[in-house]
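Presented sequentially are two complexes of chain A, the first with chain B as partner and the second with chain C.
What follows is the complex of A and B.
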């Protein structure tokens, strides 16, 4: 390898949790630095190189006109653009506000709404071409590493999009829907977390976003059958990926 | 082969004998959501369980395993096999699950010999137990796999009241009980076994007519039930399939797997891994460049059921043994015995 590939990490409308997940690669962080030149990362570096990057990991959704311009600039200077985490993919939790009229949402936070300009929250794919996505809220560190390694080896990363139920069964868990009548989002949610929540007896909230081909209407009918009302069900689908084409209908569009 | 009996309260003597030579695994909870876990004391053992989440398949064909590691150094490529030869004993395995293992044995030895499976399998002792209390979902009597066993075990237990009847099925089994002070089984013990098993058969409420089933299934590839299961209303109170894969991941005769490599960050070494897969999952049928042989949900659930009906390539090696796990675990309440009735034509949707 001649020169190390340059990586940039950006933050838009999100919580910085995905960036933190990257930092939490502690034990292999130095190995990563052997392989890559992290040339732009405002959260951890003083000097940042803005000339262009091989890989840009973009965290956060797009919620202001300035952000729209910025993401377009980043796209132009990037070879390989990654939507890093659910916010960048489809807006995630910040996008819950899209179901409230714009002015109502703004005035809940700002006394004088004339000072801010915001748009509905969308993933970056709404405005620019995205080359890869890393699901999760936050994205899981193993998937970050898998993606970076694959980029170096120029192979397709193994990021299976099957449901959380697969990982849940791998862990020998009794099913919370069938055994406990709990409203678990596992059957429509992408794996990648290792089924952390069901393994602790808590229903999956759907934080990895939609799996490859979720049957959302079937799961919504199952929840209804378990005694949940329409409002509860809508909330479940809105929480992490309400703007996704897969969840949009059940989220109440 | 020899037969003995042992008072239930003395089971710890037998367990201690097993523990001398083996790591012992058994059901650790009562009910249908039990799991096979390591047993070190009799208190942990629940032979009164009705079913487990994962079948004992997990000991031979685990959900995830490393097959070997590899390294490319100074232009030399080396591999290192990971050999699993721990001696284990599975205690309290039900007849349907023993039959499932016999099927897996065939699959992993007939057309090709799977070292990884066989290494584990040959180091395992099976101490089975006949069922005296069925789970509400099991239909082993229809499949000829239960509720009692006559092959495949090293030792077979039957609950006959305050005692277990202990039947020996192999030399390994015989060796294991030698030195343990067991009484010879009496004729009364066998009568009691007979009586209880007959009673047990009456308690089974689920059936599947298997006559010509593979053929009927193959002739009904265009039946509307598949679209119903895939997209519409399901069958008999069920919901449409979620493609969650749970049914096949808990199925004791589903053997399909995915193999992939994981590179270390050194980029010169890594591991080759194997993971359970399921034909219910979209990516199962995906090939290079992203095409997919089974993109539609209806085609996937159809394939799954056909395979379980013995009508797919796996034939008898992957067909159902009636353990009922897939029915219990399906969030959509899909029941293959109901689907079998529908394609047979004897039942309206």
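What follows is the complex of A and C.
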């Protein structure tokens, strides 16, 4: 490769936490600048090149008509489009509002809702073809590095599909469901974080979204046996990935 | 002189999506001025209704990826105020260490990555790596220090996980805290160098007397608790915030604009904090201020950068103090739900942040009210630019534009927060 691959980082409806996770690669930040040409990143640069990119990392969900147009434009100018974090994958926490009538949500915050252009929030895959997803809220910086390395080597990135439970086993954690009767989302949640929460005495809340082919109804019935009511269980699934096909049934109507 | 139109459609080097539009008539009068925040709102205050009290720290963390810790601690304290829970001294100490680590990270990001390129004549920090590698490396090192402490106490740098109502789910190890202590000691010189850098670098000469506001506590440099005080005599208990501060919707902005009731806009952030709480800074931070030659209270918003650097010195000192006194004993009391209203204000890196919740008997949220620092500042940014732009009309348009952007970046706006 003669020229450095061009990277763009975009923000849509979200919190910028995934961009921050990129910025938190302090130790290799200078190496990244050696290997890649970050040509578009408004949070960091004032001169931004909009002609086109090899890799676009898109953070945030899509929640306005303008954002729909923008993501389509970005797709056309991008070779490899990445849904960067849970918001870009399926709306993440802001998608909890999708269960509320849009006007009710708006009038809770704004006196004059006529100037608010928002729609329900969806992942970017709802509108354009996505080439890779980096799961997590935030996406884990190791997966960012894995993706960038794979891009340089022109190979498929190794991104995880198995549940958090596997990472708990690697870390020798006692199961929080069986030993502490906690409502842990680990059995249905994608790995990638290194089982942060269960290792620190807290149940997994599911911030990496669904694993591949999870058995959600079995977990929901375990939660019921532990004494959690229907509303508690709904809240569990209607959080980071309530809109996903995997969690949709348990997330309720 | 003809008419001047300043249009920045997507402000760079700030978090989130905002724009600036200024129309100046031939006679030099500002005809129209809009700090237009067009970040799509996420309606947190709507979808938090129906959620449980113990989820609020985790959910509101997602308001902001730069200052998640501030949202977590504010939510936790508001819930504790609603439930009538008073956490232990150890919990307060660890929360302060967590909050300070986030201040270090965020303020270093603002100083080195977002604003320094303007002051040194670069488009971003990326080309600075060629000419000023040691400065870039210092910024990266300091930012990493902040992140690593958040990681150690909270379990993760962005959206940490261990802080919960009335305690922590896990405590850091003594050994790791001692390693951190050593790194903090070593970082002190970098913090002094940061103060030097920002006291020597040229900033626009501009002053506008306006009301500055910050949390304040006679016993410590207030971050997580205190009374909400202003340079115009306001002295408010956090639970009564809404009696004093109002919000207004502007048709061109998805962020509501705050003002003091029956008064005007106000400023929150590092400069108001240093102005109001100078006496509570560590002695080394005070000495560093003296050496900088800049006097406080100060009403030049561009001095905010120096205020961040001074706070960096203080933050390192206070982190070491906390590490030296925190006992790290296991403690976690059960809590019982009850209905009630709770409000809390803390100092996020960018300034005062307000959360309040009404809970029902089962601890379910019935009403939520959140006002982030950039919503507090939005109107004041417009007032500042209105004054500032008149002084620089002799310059070419692209320089006027850059200078106005620099003023906005001095506030380090967090636009996603402001719309939430």
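The criterion applied here is as follows: the second predicted complex is superposed on the first by the 253 of 253 C-alpha atoms of A that agree within 3 Å, B and C clash if a C-alpha of one lies under 4 Å from a C-alpha of the other, contacts with A are read in each partner's own complex, and residues count from 1 in each chain.
Operating definition for what follows: a residue touches a chain if its C-beta (ideal position, glycine included) is under 8 Å from a C-beta of that chain, and two chains touch if they have at least 3 such contacts.
As the structure is a prediction and not an experimental result, all values here were calculated from the model.
**Student:** Taking the superposition as given, does A:94 touch the first partner, chain B, the second, chain C, both, or neither?
**Tutor:** second
**Student:** So, does A:20 touch the first partner chain B, the second partner chain C, both, or neither?
**Tutor:** Second partner only, chain C.
**Student:** Which partner, once the models are overlaid, touches more of chain A's residues, chain C or chain B?
**Tutor:** The partner making contact with more of chain A's residues is C.
**Student:** For A:11 in the superposed arrangement: first (chain B), second (chain C), both or neither?
**Tutor:** second
**Student:** Regarding the shared-chain residue A:31, is it in contact with chain B (first), chain C (second), both, or neither?
**Tutor:** After superposition on chain A, A:31 lies in contact with chain B alone.
**Student:** Give one of first, second, both or neither to describe whether A:129 is in contact with chain B, with chain C, with both, or with none.
**Tutor:** A:129: touches no partner chain.
**Student:** For chain A, which residues count as touching chain C in their complex?
**Tutor:** 11-21, 23-24, 26-27, 29-30, 33, 38, 41-48, 63-64, 67, 92-94, 96-97, 99-100, 104-106, 108-112, 115-118, 121, 137-138, 193, 196-197, 199-202, 205, 207, 232, 235, 239
**Student:** Going by the contact rule set out above, which residues of chain A touch chain B in the complex?
**Tutor:** Per the stated touch rule, the residues are 28, 31-32, 34-35, 145, 149, 152-153, 158, 160-163, 165-166, 168-170, 172-175, 177-179, 184, 186-188, 212-215, 217-219, 221-222, 225.
**Student:** Under the definition above, what is the set of chain C residues touching chain A in their complex?
**Tutor:** Spelled out, the residues of chain C in touch with chain A are 10-17, 40-47, 49-52, 55, 58-59, 62-66, 68, 109, 113-114, 117, 123-126, 129, 136-137, 140-141, 143-144, 147, 155-159, 161-162, 164, 169-170, 249, 251-252, 254, 256, 405, 416.
**Student:** Could you pull out which chain B residues touch chain A in their complex?
**Tutor:** 33, 35, 53-54, 58, 63-64, 239-246, 249-250, 260, 263, 265-267, 276, 278, 281-283, 297, 328-332
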